[in-house]
Structures are given as C-alpha cells and as structure tokens.
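Same chain, two partners: chain A is paired with chain B first, then with chain C.
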Partner chain A sequence: MSAHHAAAVDVRPLQNPLAAWRELEGQVVIMSPEDSVLHELNETASFIWKRANGERCIEEIASELSAEFEVDQATALLDTQALLSELFAKRLLADAGWTRG
Partner chain B sequence: MSHAPGTCVLPICIGRYALALHFSEAALRERARERYAAFEHTSENGFPVYLNRPRPQPQARAEFAFSMNGFALELQSSFAECSGVQNEYALDSLLRVLLSVKLLPEPGFLIHAATIARDGRSHVFMGRSGAGKSTVARNAPAGAALTDEISLVRRIDGVWHAHGTPFWGEFRAGNQNKSLPLAGIYSLVQAPRNCARPLATRDALRELLPNVLFFSTHRRHRDALLRVTSEIAAQVPFFRLEFTRDISFWEAIAR
Partner chain C sequence: MPGGPVASSVMARLVSKSLQRSVPLNVHLDVTYRCNERCVHCYLDHRDHGEMTTAEIKRVLEELAQAGAFFLTVSGGEIFLRPDLSELLAHARALRFDISLKTNALLVDEARARELKAVGVRRVQVSLYSADPQIHDAVTKIPGSLERTLRGIHLLQQQGLLVKLSCPLMRQNVHAYKGVQALADALGVTYTLDPTITPMLDGDRSVVDSRVDSSELLAVFEDPVFNKRLDPRAAPEQAKPLAAEAPHHAGAGLARAFDNIPCSAGQNNVYISPYGDVYPCVQMPLATGNLRKQSFREIWYGSPQMRRVRDSRESMVQICGGCEIKQYCQRCPGLAQMEDGDMMGPSWRACELAELSARVAGIENPVSAYRQLWDEGKIAGKRAPAVGGLVTIAPLAAAQG
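Up next is the complex of A and B:
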C-alpha cells in the first residue's frame, strides 16, 4: 500500500481480520498478527480504528472525527489519512480494505 | 480407564492442568516419566494426548495444528494427536505448544520467566535469553526456584498463581511442582544498580506480550491471549526491574 493510495478519500478501510484488539482504559490496543507486537492507539486513533470496518470511506470517518473532536474537516481528513496509512504499513488493515469504493 | 491396545499411559499435571500421555513405545514413556517425575499425576482422566499412534481413520479437521522439525501436533476438542515424536525433547516442545492453547480459557499462559518462591508468594522474572532468568534462579535460596526458564501463570478462584514447570533452562535443579499466589511480575533489565519501577497497565502489557509463549495464528486464540494478558496486566503488580545480576535486587523489590 502506498501513501498515494491511502490518500484516496473514497477508500473503505477494513481492520485486518487476524489482528486481535481490545479497549484498555478507554483506548485501543492491537496485537500484530505476525509477531504479537502491541500497538497502542491514542483517543483519536482509537476512534478512527473502530470505524475502519469496511463500510465507511475515509471521508466519512474524517467527518465523524471532525464532529466528535470539534476539529475542521480538512484537518480531520489529513489526520485520518495519515493514521490509516500508518496502520496499513504495519499490516493492521486488510488489503481488501483499500479497494476503491 | 481402558487404553488402546499396545499403549501405555503417563498421567502428568502441570500448573493444575492434567494430561494423560498415551505412548506407543514403552522406552519413550520411561524417558518421559523420568523427565516429568515431579509432575506425575494420580489420575489418568486428564486431557488425552496420543503419541505416534497409527491413524485408524481420518481425523476431523483439527482445531489447531502445529509442526516443527518433523514432529507435529493436531488438537481436537477432546484429545490431541502428536506424530513424529522421536524423543523426550520433541515431546517437551509439543507439550509447551499444547499448553499455550489449552491454558487460555482457564485463563492462563506460559511465559519465558524464572519463578522464585519467597514468603509464601511467587515472584516471576520475565525476559528473553540472556536477560538474567538463570542468574535470578541460581542466586535464589535452596528450593526457592520453581523454574528458571518457562513459568506457568494461571488464575485460580480469582487469584493469579505462578506454577513451576518441567520446562527447564540452564538451572536444572528447579522445576518444582509447586503453585503460589503471585506477588509480582518483573521485566528484567541489566543495569549498574538495582531499581524496581512500577508499570502502568498498558506498559505492563507491552512488556508481557513478547515473553508469552504463543504459537497460534487463529484469531480466536489471539483474542483470548490479548484478553488474558490485559486482565493480568491490570490485576497483578508489574515492575521493570533494573538489576545488577546478583542477589541484592531483592532489596529493591522490598522497597
């Protein structure tokens, strides 16, 4: 997955089905499927992760982020794209999730 | 209990998890009996583990399968089938893999750690090879080291316990079949001075996970592992123990 693909706002990200995760003290922790390394997300990243269900596109997730955390849409979109690209690079998102919607 | 023709059984119990090892070869059973002498059990009603038996009929699809160096484990809901087990060392490896899955719902797990008994409670010192587990065990008072390499941690009646196991490292005088309530889990870091720093839940979980023995790729097993380790990280005191590789670290723990 390249950053170019991650930038597409109509991509519908999907959590890697092999990645175990749970909320711990209000924030998401994810165990890598390959090496059991723990990835810890902050509050906004947790919000985005929980919406990466293959149904919402990046633009929709960013809109929800904007409303929830009272940030402007452009900033929310950049933050969402950046986080999802990072998660994909760490193999925490499924390839299929990056099929353009 | 009736046995399949030509088999002999060795009942063992590790961390209060009972197994009935069914051997096709008496010689291997004797070597295993010697290896697991401290863990021999009185009842043959433990979870059945069949070793190197001919397959009379096709097996159902295994819940979990693992293979390494020519030996293999297939786990069904009511028994486990092991093949290619040529010696007690291969058996040892397969038992670790088997327990890593079967303990999860108890809940429990195996961990790369030395366990030391002190004042009626257990202290678990975790770390990969070279971290200092054997040093901790070697410097413990006589009879206090339950294991120097692989510990078994399990919650029983709401209380987390650490158990000795027969899975030894360098310090072979340990491996005691004892269970004690957990006082704390320590992540070993060699340092020029001794200091025990408390870890918050997420920090504890981050330190713990790489030390847990885990071989499954199944999502349900990963979910269970994350749940169990998250629970213990929240319920048991965890510390990063900077230590000087001698017995003086106990003073830092006492503080």
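Up next is the complex of A and C:
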C-alpha cells in the first residue's frame, strides 16, 4: 500500500496504538512514534482519523464524511482512501486488518 | 474538501493555538522527589512527604488529557523508584499522551527498556555530567554511577528509544562539556548543556554555589559547540490535508507565537509535584492549588496566582524594556521570582548571561540596564539578594500536613 494506491473499501483502518495524538479546536495533531514527526490534520482529515478505530470500514467512514461535510459519496470515498493511504504509509495506522497493495 | 494551505510550522501553529486558548499543552509531572543519586546541584528535598497514589495520578492524567494536555514529561526524583511507573505510563499512553521521561537510567535494565518501548514512550532524557567517571560520580555522589548510566543508555538505545543527554553545567563539570559532546556524537544522540542552577524549592541557596562564574562561563560561551544542536533530520514536509515536521524546526515560528509573553509558564505549560501541587512551571515556585483538593480545571482556569502569571507580559518588565542587550537575554520569570523577588522584574543571573552572550557576539563592554541602574545607585538593595523572594517555600500538601 502506498499513498498512490487506493485501499479496499472494506478495510477497517486502525490508529497505530503507539501514536500520540490530541484534538484541539477540531483539528488533530499526531506525534509519530518512530521518527518524532508532528503531523497536523485539517478538519476533515481529523474527522476521518477519529473514526479509524478498527470498527468502521473505509466505506462507512466515507459515508459519515459525506453526510457531515455535504460532499458526494464518490468524492468522500476517494478523499478518505487517499488520506488513509497516506497515514498508513507514514505508519500512523496499524498493520492489523490492512492489506498492502 | 475543506482544508486551506498550511502555514510554515505545525508546532508553531499548535503552540500559538494553545497560547490563545490557554491550553496546558506541556505538562511536567514529577512522580517522586525520592532519588538514588545525591547530585550536588539538586534543588529537591528527597524525603517523601506523601506522594500521590497510583489512583490519584491516574485521575490527574485523565483531567489533564481532558484539558488538552499533550506533551507529558514524567520526571522526579528518580522515576524508576515508583513501583507503579509502568502502570502510570500505560495509563498515560491510553490517554494518547506524547511521553518523554527524565531519568538517571541507573535502574534501567533490559526488561524495563523493553517495557518503555512497548508502551510507546517516545523519548528518554538522561542526566549525565561528564564522560569522565571521576567527575560524573563526584556530582552524583554515587561511585560507579556513570558506568551504570551508560549501560542504561545502551539498553534504551537497543530498544530503539530516542535518548537525549542532559548536562547541567556547574563548577564541578564546566570543563567536561566537550567530553559530553563527544560522547553524544559517539552514541548518536542529542544533548543539551545548561548553565542554569536554581535554588532549592525550600529557598536554600547553598546549591547555587555550584554555579559557574561569569568569567569561566565566557570561555564556554565562546566555544561554538555550546549552542550546537544535533538533530539533522529532514526539513519539514508540507502536504495537505496532512502537514508534518520534526518539532525542532519550529524555532522562529515559536518565537513569534510568544511575542510579548514572557515564557510558557502558566500559558501552555504546567508543573505538578508528587504531592499534587500545581505550579505554572517547574522553575516557578508559585503554588496555585492542590489536586487533592481541587480539580485541575479549577486551578488552571480559576487560581488567581495562575491568572496573574498568565496575564503578565514582557512589556510590563519596566527596567528591561530599555535594555540595550535585550536580544541576548533569556530572563526566566521563575528565577527572577526566586532570586530577585519579583517575577515581573529583572533577573540578575539573566543579566550576567546576556552580557556574556553579547560579548561573544562582538559587542564591546555590554552592560544590562539592570546593572547600569545598580552602578548608578538607583536600585540599592535589589541586587542578588541572599534569600530569594519565594512566594511558597514548601510543597502545599506537605505544609498543610
């Protein structure tokens, strides 16, 4: 899996349990445990991150995103896949339940 | 999708936001004052006056997380003297804190190092006073302590933990800094050298005798190695909707975020003692409340003392306003309080260090505004008092029995 490959919609993304993170005014910051890099998510990316709890699949997260931010489902799905792929490439998501493309 | 362009620094934006909203982003939590070393410069009373229990600290961590605290430094005393340390760290990690530890690493063994890595501790700062065992052990007063500390560092690094050396500079080790630098290079770790030695929390100034004299410190300041920062990581990455950077790249942006704010104490930084006393900073002995009697929110947002610190601005420090070498000054309001009696006044030690820095920068005979007024006899009685102006000289919980 890389940022250039879309994840399957039935994947249930899970935050890397070693990642430290906090939400401040609707925006999430994440400290990468491996390289001490601080990441900042915008509002929609934060929305997705908070739902990457291993319980929802990508399609479900995209549906919630679509409803919350009033974007069409196809756009929401593409954006969700792109973000999660990027987070995975940066090892901010756990390997569990995730298939490398 | 929403999400405008990202500014230059993730950390600067985070800090700026925390300052605007008074979010306690940085927490320094001492879990014990007990220690297995007896360092000559230490400002702590190592007796146990009633440390918070495991349950109490867990509750405090929960309150801190709710208030938005993120960067948690767990320190002491020696943290590994708390038998519940693993449990506390696991709880903090479950609350998604970014954890740094401060330790002398004497008690680090393979199992403990592995445990720290597994729980998700990100960084371990280890106190080290010299690469020469005679000098280091004379500071700690524990024979063989350097050897044990180095073994601990090795075990931490074996687990892939980020280690940083912390070396306070004092009379006893002032010439050892090059050895510390060489050791850090050999280990592939970062290090800090810091000439700040503070009085003990009970006001006892005997430890201040360990401070390096200005003349001797000048030679250190003139050595470029003193300000070297080792951490050659990649430049900040900029991307949307995710921006990222290594925190140390935030320097200039951070300075702008603070603008007229004297320092982070009580703004986005808080210190909590093993007894639950809350202070704006570990170097500012202004007790603002106790977590056994009040919630963190009550103290952080409601304490008059905390609000007084939070409302202070650098422009209120009248003598310093017109100082010609202000740009070289790193006045610490806490130290100004402890040693000069007023957190919003000048700090004699800061003046000395600013004059040294200015001299190193090529300014001839730099004189701080404070010294100038003193020389003119306009501030008689204010210079480096023997007994500092402590607002509270004992931990609240201990004082209240």
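Please note the rule applied: the second predicted complex is superposed on the first by the 92 of 101 C-alpha atoms of A that agree within 3 Å, B and C clash if a C-alpha of one lies under 4 Å from a C-alpha of the other, contacts with A are read in each partner's own complex, and residues count from 1 in each chain.
Keep in mind that, in the parts below, a contact is a pair of C-beta atoms (placed from the backbone, for glycine too) under 8 Å apart; a residue touches a chain by one contact, two chains touch by 3 or more.
Given the structure is predicted, the values throughout are model-derived calculations rather than measurements.
Engineer: Clash or fit: how do chain B and chain C relate after the overlay on chain A?
Structural biologist: clash
Engineer: Given the touch rule stated above, what does A:N42 touch, chain B (first), chain C (second), both, or neither?
Structural biologist: Second partner only.
Engineer: A:W21 in the overlay: touching chain B, chain C, both, or neither? Say first, second, both or neither.
Structural biologist: Both chain B and chain C are touched by A:W21.
Engineer: Once the two complexes are aligned on chain A, which partner has more residues of chain A within touching range, chain B or chain C?
Structural biologist: C
Engineer: In the overlaid three-chain picture, which partner chain does A:V71 touch, first (chain B) or second (chain C), both, or neither?
Structural biologist: second
Engineer: By the touch definition at the top of the document, which applies to A:P33: first (chain B), second (chain C), both, or neither?
Structural biologist: So A:P33 meets both chain B and chain C here.
Engineer: Identify the partner contact of A:L83: answer first if only chain B is touched, second if only chain C is, both if each is, neither if none is.
Structural biologist: Only chain C; A:L83 stays clear of chain B.
Engineer: Pick out the shared contact residues on chain A: the ones touching chain B in one complex and chain C in the other.
Structural biologist: Chain A residues touching both partners: 17-22, 24-25, 29, 31, 33, 36-38, 40.
Engineer: Hey, which residues of chain A end up touching chain C in the complex?
Structural biologist: Listed in rising order, the residues of chain A that touch chain C are 17-22, 24-25, 29, 31-33, 35-45, 69, 71, 75, 79, 83, 86-87, 90.
Engineer: Going by the contact rule set out above, which residues of chain A touch chain B in the complex?
Structural biologist: It is residues 17-22, 24-25, 27, 29, 31, 33, 36-38, 40 of chain A that touch chain B.
Engineer: Write out the stretch or stretches of chain B touching chain A in their complex.
Structural biologist: Counting only chain B, the residues touching chain A are 201-202, 205-206, 209-210, 212, 214, 217, 219, 222-223, 225-227, 230, 234.
Engineer: State the interface residues of chain C toward chain A in the complex, per the touch definition above.
Structural biologist: 1-4, 6, 10-11, 13-14, 17-18, 21, 23, 65, 68-70, 93, 96-99, 120, 122-123, 162, 233, 237, 239-247
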